[in-house]
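Below are two complexes that have chain A in common, paired first with chain B and then with chain C.
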Partner chain A sequence: MNTAATTTTDEHADSHDHEHHDPRLAHHFDSHQQQFDTGKLGIWLFLVTEVLFFSGLFGFYAVYRSLHPEVFLYASQFLDTVLGAANTVVLLFSSLTMAWGVRCAQLGQTRGLLVCLVTTLACAAIFLGVKSFEYTEKAHHGLLWAGMYQSPEHHEADAAAAPAAEHGETAEHAHTAAADHGDESLFEKTKHTLSYMTTVLWVVIVLAGIAFGVFIKKPGKMTLATVAGCVLISAFGMMLGTYASIGYHHFGHAEKPTDEEIQMAETVPAEYAKQKEKVPEPALAGTFFSVYFCMTGLHAIHIIGGMIAISWLIVRTVHGAFTTYYFGAVDFVGLYWHLVDLIWIYLFPLLYLIN
Partner chain B sequence: MSDHAESGSHAENTQSCHVHIVPVKVLIGVFLVLVALTVVTVEAAKYDTGELDVIVSMAIATVKASLVVFIFMHLWYDKPLNKIAFFISIIFAAFFLCMILLDSHAYDAYVKGFQQDKTPTVAPAATAPAPAAAPAPAEAVALPAKK
Partner chain C sequence: MATVVDSSNPKSNFPIQYRELNYLNCSKGWKSWFFTLDHKRIGIMYLIGVTTSFFLGGLFAMLLRTELLSPSRILMGADSYNQMFTLHGAIMTFLVIIPGVPAAIGNIILPIMLGAKDVAFPRMNLGSFYLWMFGAFFFLAAIVLGGLDTGWTFYTPYSITTSTAVITALMGVFILGFSSIFTGLNFIVTIHTMRPPGMTWFKMPLFLWALYATALIQILATPVLGITGLLLIVERAFHIGIFDPALGGDPVLFQHFFWFYSHPAVYVMILPAMGVVSEVIAVHSRKHIFGYRFIAYSSIAIAAFGFLVWGHHMFVSGQSKVVAVVFSAITFSVSIPSAIKVFNWLTTMYKGSIHFTTAMCYGLSFIFIFTIGGLTGLFLATLATDVHLHDTYFVVAHFHYVMMGSSLVGLFAAVHHWWPKISGRMFNEYWGRIACLGVFMGFNLTFFPQFLLGTRGMPRRYYTYLPEFQNLHILSTMGAYLLGISSTLMVATLIYSIYHGKKAPANPWGGASLEWQCSSPPPGNNFDHPPLAGDPYVMESVVYNEEIGGYVPAECQGDNTGSVTASGDKEV
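After this line comes the complex of A and B, so read on.
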């Protein structure tokens, strides 16, 4: 390339040789500043399309909620606010580490950048882990999109059928026990599915490792090791998130409802308490879960895309691609990641905090 | 391209990229404020404020979102073109939401009228001929009586 350029006696090619030797600067840009600004405008335009893309789903939500507020009131009680809030904090923290990573890249601190990116990746994986627990739990409770939705009343009807025969004080005791049992068995099923999914996850990891080994011609050891590390971090993060939420469920289940239930049972007749605390089920409850799965599902897909992009950044960082004047990729992936965070900031109160 | 050859001293200039760098203290401060606001929304949702509920939670979400956009995404220090691009998308999204909400409620009066016209004709056919005076208030009275 070099020799060819010099033999073609061209002052243009000559200038190329001396000034544009930098492989980080594409040919059609005058300077790194110009390259960075162009890329930044590009990513902002992409974010514009993302905002408009999500606004369709927000429109679905707004119209449906304004027409049937009672459906949202009823169905959002099945979403766990604590898990949602925990996920929000995890995502906010990942946003912080991403912004910090961009700062490190701008200052040329490669080690700091690497630490920040790995933390961001792990937080994203934890978010997905918690989400997978929520999805699995809902699937087992029959809380799916319209058409697949099964009324949660039928579990309680099953549970209530047995103790309805006997009366007196033991009846309500047996009743709560049966209800607990029903809930407990569903939880066991959830855990079972999740452990099955963990096994699948490990199979995927092994297969991905083999695929990378086969498909990358002459794999640089470092690249391969870094990719494997990213996949491992993601897998461990997801397991951590899942088992943390299982642990939370264990803990919360043992402590909270019994206190409330005891108080309820002591102060008011069980029949009345049950009637009072229950919001009547609207006919279209399944549609809330359509909205829920569409919006959080699309958001989760964006998280997965972001995780892939962050892994790519980690590989490039390990190879020392980023310097004080070339950090555009980090900044642009960071902007995308903040947008994903932004969408969750709106989704969380809209879905979880309806009163 | 050709004007490059004459600017030898410019070579160093291409190797620089001037951007705003956010200090660590600001980043951590913004994160703490975001977490605090999350706690505030969760707590605020526990109080039953009726219609105000959505407005309050959306207002808090918007404060959080603008913190993320302006500080984490550097939009405050960014070029005007990027700001304009992003805010136009927000404005159009808001416009879109307002339009479909307007449209879906444009026929509320007609629907109400239709339902009021329809119910008295159905009711006598099913049960005893009830007085045609508005069945909706009758239901409203019946519901609390059930409880």
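After this line comes the complex of A and C, so read on.
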């Protein structure tokens, strides 16, 4: 209706320069340059709001870490540095492919752009796969946010099945934990979560694969086929990430598992079980995991948002929307993606590398 | 056919006054409104939404004031009273005042003032509107799902333990926050990249400076509110122990987060209104604005200082003494740029030829009321007095003087000033002025007694009080009724004009900024040619023309042949 209004009024006032009917140029801009600059400023401002959005969490982190440094020292030992580092590498690589994609778009290399975007999408999915493994593993050990947190020391008391009468306090805690009964059921549930997840992923892969196969043949169904392809890549990437982490995890436990060790490993995080001299658990240990889940969770949501945006770019690329003078969207999503990476670059040392 | 002064007529030198085809009637059907990308239509939808919310919030206010007629129970008990003032505050703040001037009026006027065809991101603009609708919907849902009784401030730990619909309301706040962020983002980008040839930063109308400063706050402060609300939702749903002292969290941290947004947010409310007043005072005094650069810079200064004073809401919440002193000192300094504006407006009027139009009357009310509101803020910024006044009716009176008496009156001024442009109709000045007088008197009658109540120790948020407070409470309630009636009269006058008002000329008041150069109401794409911008405050550049009933560019006057007929007021 807007364009209708434009043309009618234009006819009214005796017609003048209205020659640009370039569908890539919105009606209210004078030139492609103006359109691009506008978008660029817009995305930068949006990134500013994103930084401020996260700043609340970083502020919270700063306050609690300065008030309770012992909590962070104690609890960060339960995070798996190797998985965190692996994810960092994956994200850094995805930033590279994204930047490369922008370059391809500027040069008008549609195939190159497509390859880069697909790689970026896959990397994002791998990241999520690893992350979901980490979450499940944390839940498995009861290392959840403050309201759900269960001290590893309770597990230990359970696992060793010791009366633990020496320190009455622990015994009492263990008792309540066992009585509350989150323990066994929580353990069982989380143990199965991963297999549920992989099953669901397999189903998604198969369905998306079929859809892709069906639509790709039909003319005019290009968009649907591409969307199915994106889903396929995402599910596949997540699968890869999850299996890689599981494999790594088993490898860590695999040397010579005695029954005792298996029992230990199933209840106490490996890192904790291996320790000779245990750091005493501070009172608010769960708060660390509140911070951990809030920050990484919000970050993961942003990763998912980015994956949607990248898929949208893939669809448009397939349709040949981008040219050497119209590649703004790729550039802007790229900037967003770099910011999401950057936030992870901060999260990784702040959460995983304490000590 | 209408007898229209039409510049496309080669014999006429006048600019087009009125067109058969304008943005209001160029397309029809509900789809052409709900899916429109036209900034003017989106602005109108905001205006309707804001007005509706205003009357809903106002209804709550009337009920609250009625309850306070006597210390004993009249309409509701303590719990309903708590819910009622919470909803009143939350609706008025988040649904009325914050989107009022920027999203509704700004949307309509900003691109036209810039001589642009639209805002930078029209689709995002429509998206903001739908986010607003969505947020409003969540508020309504909160009312239905058990209400809300935390106060608009959502202080922890009570907001974690109360059984009312806190999560739903917070979702609403979160969504409304993003609506506000996207509007601000849109405005900043539009102002940066779409100014017309000739409009340098210091040739921008001051309303644009004000909207720019507002937008800066919107995008820098609102995300913090977003994350705070989100954390509170998560706290309530999962008990993460961030704000909940029972799990080792820190409730004062919530206050810091909340006020880090909400103090700057009060400038989101007041700055655009100040921008409106800068326009209104200059145009209706027929004089160049005095101290242009001071007014422009003071908007930015207010926006910047506004981020450094949030602690003045927490003087008694247990922050360290040093911090309290620093916050107090910075709060004092924030009143300097506000005062600069007031002095400049007064000086603008000095020796001007003041037209007491309705818009000007609202502008004058603004200056009067804002001065009182700002000065009483200084009482509260003083540590020793605030210990006594905190959480009393003095605070209630202070913030109503600045929010209702200034921000909303500024919105009223804006609506009247730009009504001919928006609707293409002239409203009845007589009834407009009566309504303005009623609003002014009703407002002061409602809230001045509350200053007295506060200094005498009447605490806020109570549904009952000691008997000696009753006289002042009755006065206040009477004022509230007058205020309610007058604002209804105002809206009625405006709505009446849509059907029976005279057709408006392009420039009824004699403004020199670009929005007065296109016809009233503007065509769908605002301008056929990008206009050339000059100084927006040279009032001598336009002169009054009897035939048209409005102002025309000075160079057009005189050399006009007889081809001009009267402006399209044939229906009257």
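What we mean here is this: the second predicted complex is superposed on the first by the 263 of 355 C-alpha atoms of A that agree within 3 Å, B and C clash if a C-alpha of one lies under 4 Å from a C-alpha of the other, contacts with A are read in each partner's own complex, and residues count from 1 in each chain.
Note that contacts are C-beta pairs under 8 Å (C-beta built on N, C-alpha and C of every residue); 3 or more make two chains touch, one makes a residue touch a chain.
Note that the coordinates shown come from a computational prediction; the quantities given were computed from them, not determined experimentally.
Undergrad: In the superposed arrangement, does A:Asp22 touch chain B (first), chain C (second), both or neither?
TA: first
Undergrad: Is A:Gly42 contacted by the first partner chain B, the second partner chain C, both or neither?
TA: After superposing on A, A:Gly42 lies in contact with chain C but is clear of chain B.
Undergrad: For A:Tyr325, decide between first (touching chain B), second (touching chain C), both and neither.
TA: After superposing on A, A:Tyr325 lies in contact with chain B but is clear of chain C.
Undergrad: Would you mind checking which one, chain B or chain C, touches more residues on chain A?
TA: Touching more of chain A: B.
Undergrad: Using the superposition on chain A described above, determine whether A:Val63 touches chain B (first), chain C (second), both, or neither.
TA: In the superposition, A:Val63 contacts both chain B and chain C.
Undergrad: Is A:Cys294 touching anything from chain B or chain C once the two structures are fitted on A? First, second, both or neither.
TA: second
Undergrad: Applying the touch criterion given at the start, work out whether A:Gly286 contacts chain B, chain C, both or neither, answering first, second, both or neither.
TA: Touch status of A:Gly286: second partner only.
Undergrad: Name the contact category of A:Leu52: first (chain B only), second (chain C only), both, or neither.
TA: both
Undergrad: Identify the partner contact of A:Asn355: answer first if only chain B is touched, second if only chain C is, both if each is, neither if none is.
TA: In the superposition, A:Asn355 touches chain B alone.
Undergrad: One more residue to check, A:Ser31. First (chain B), second (chain C), both or neither?
TA: First partner only, chain B.
Undergrad: Do chain B and chain C land on any of the same chain A residues, and which?
TA: Shared contact residues on chain A: 12, 14, 30, 37, 41, 45, 48-49, 52, 55, 59, 63.
Undergrad: Under the touch definition given earlier, write down the residues of chain A that touch chain B in their complex.
TA: For chain A paired with chain B, touching residues are 11-12, 14-15, 18-19, 22, 25, 30-33, 36-37, 40-41, 44-45, 47-49, 51-52, 55, 58-59, 62-63, 66-67, 81, 85, 88-89, 92-93, 95-96, 98-100, 103, 106-107, 324-327, 331, 334-335, 338-339, 341-342, 345-346, 348-350, 353-355.
Undergrad: Where on chain A does chain C make contact in their complex?
TA: Touching chain C: residues 1-2, 4-6, 8-10, 12-14, 16, 26-28, 30, 34, 37-38, 41-42, 45-46, 48-50, 52-57, 59-60, 63, 145-148, 283-284, 286-287, 290, 293-294, 298 of chain A.
Undergrad: Residue numbers of chain C touching chain A in their complex, please.
TA: Per the stated touch rule, the residues are 8, 19, 21, 23, 26-27, 32, 35-38, 116-118, 120-122, 181, 185-186, 188-189, 192-194, 219-224, 226-228, 230-231, 234, 238-242, 247-250, 253, 257, 523-525, 528-530.
Undergrad: Enumerate the contact residues on chain B facing chain A in the complex.
TA: Counting only chain B, the residues touching chain A are 1-2, 4-5, 10-11, 13-19, 21-22, 24, 27-28, 30-31, 34-35, 38-39, 41-42, 45-49, 53, 57-58, 60-61, 64-65, 68-69, 71-73, 78-79, 81-82, 85-86, 88-90, 92-93, 96-97, 100-101, 104-105.
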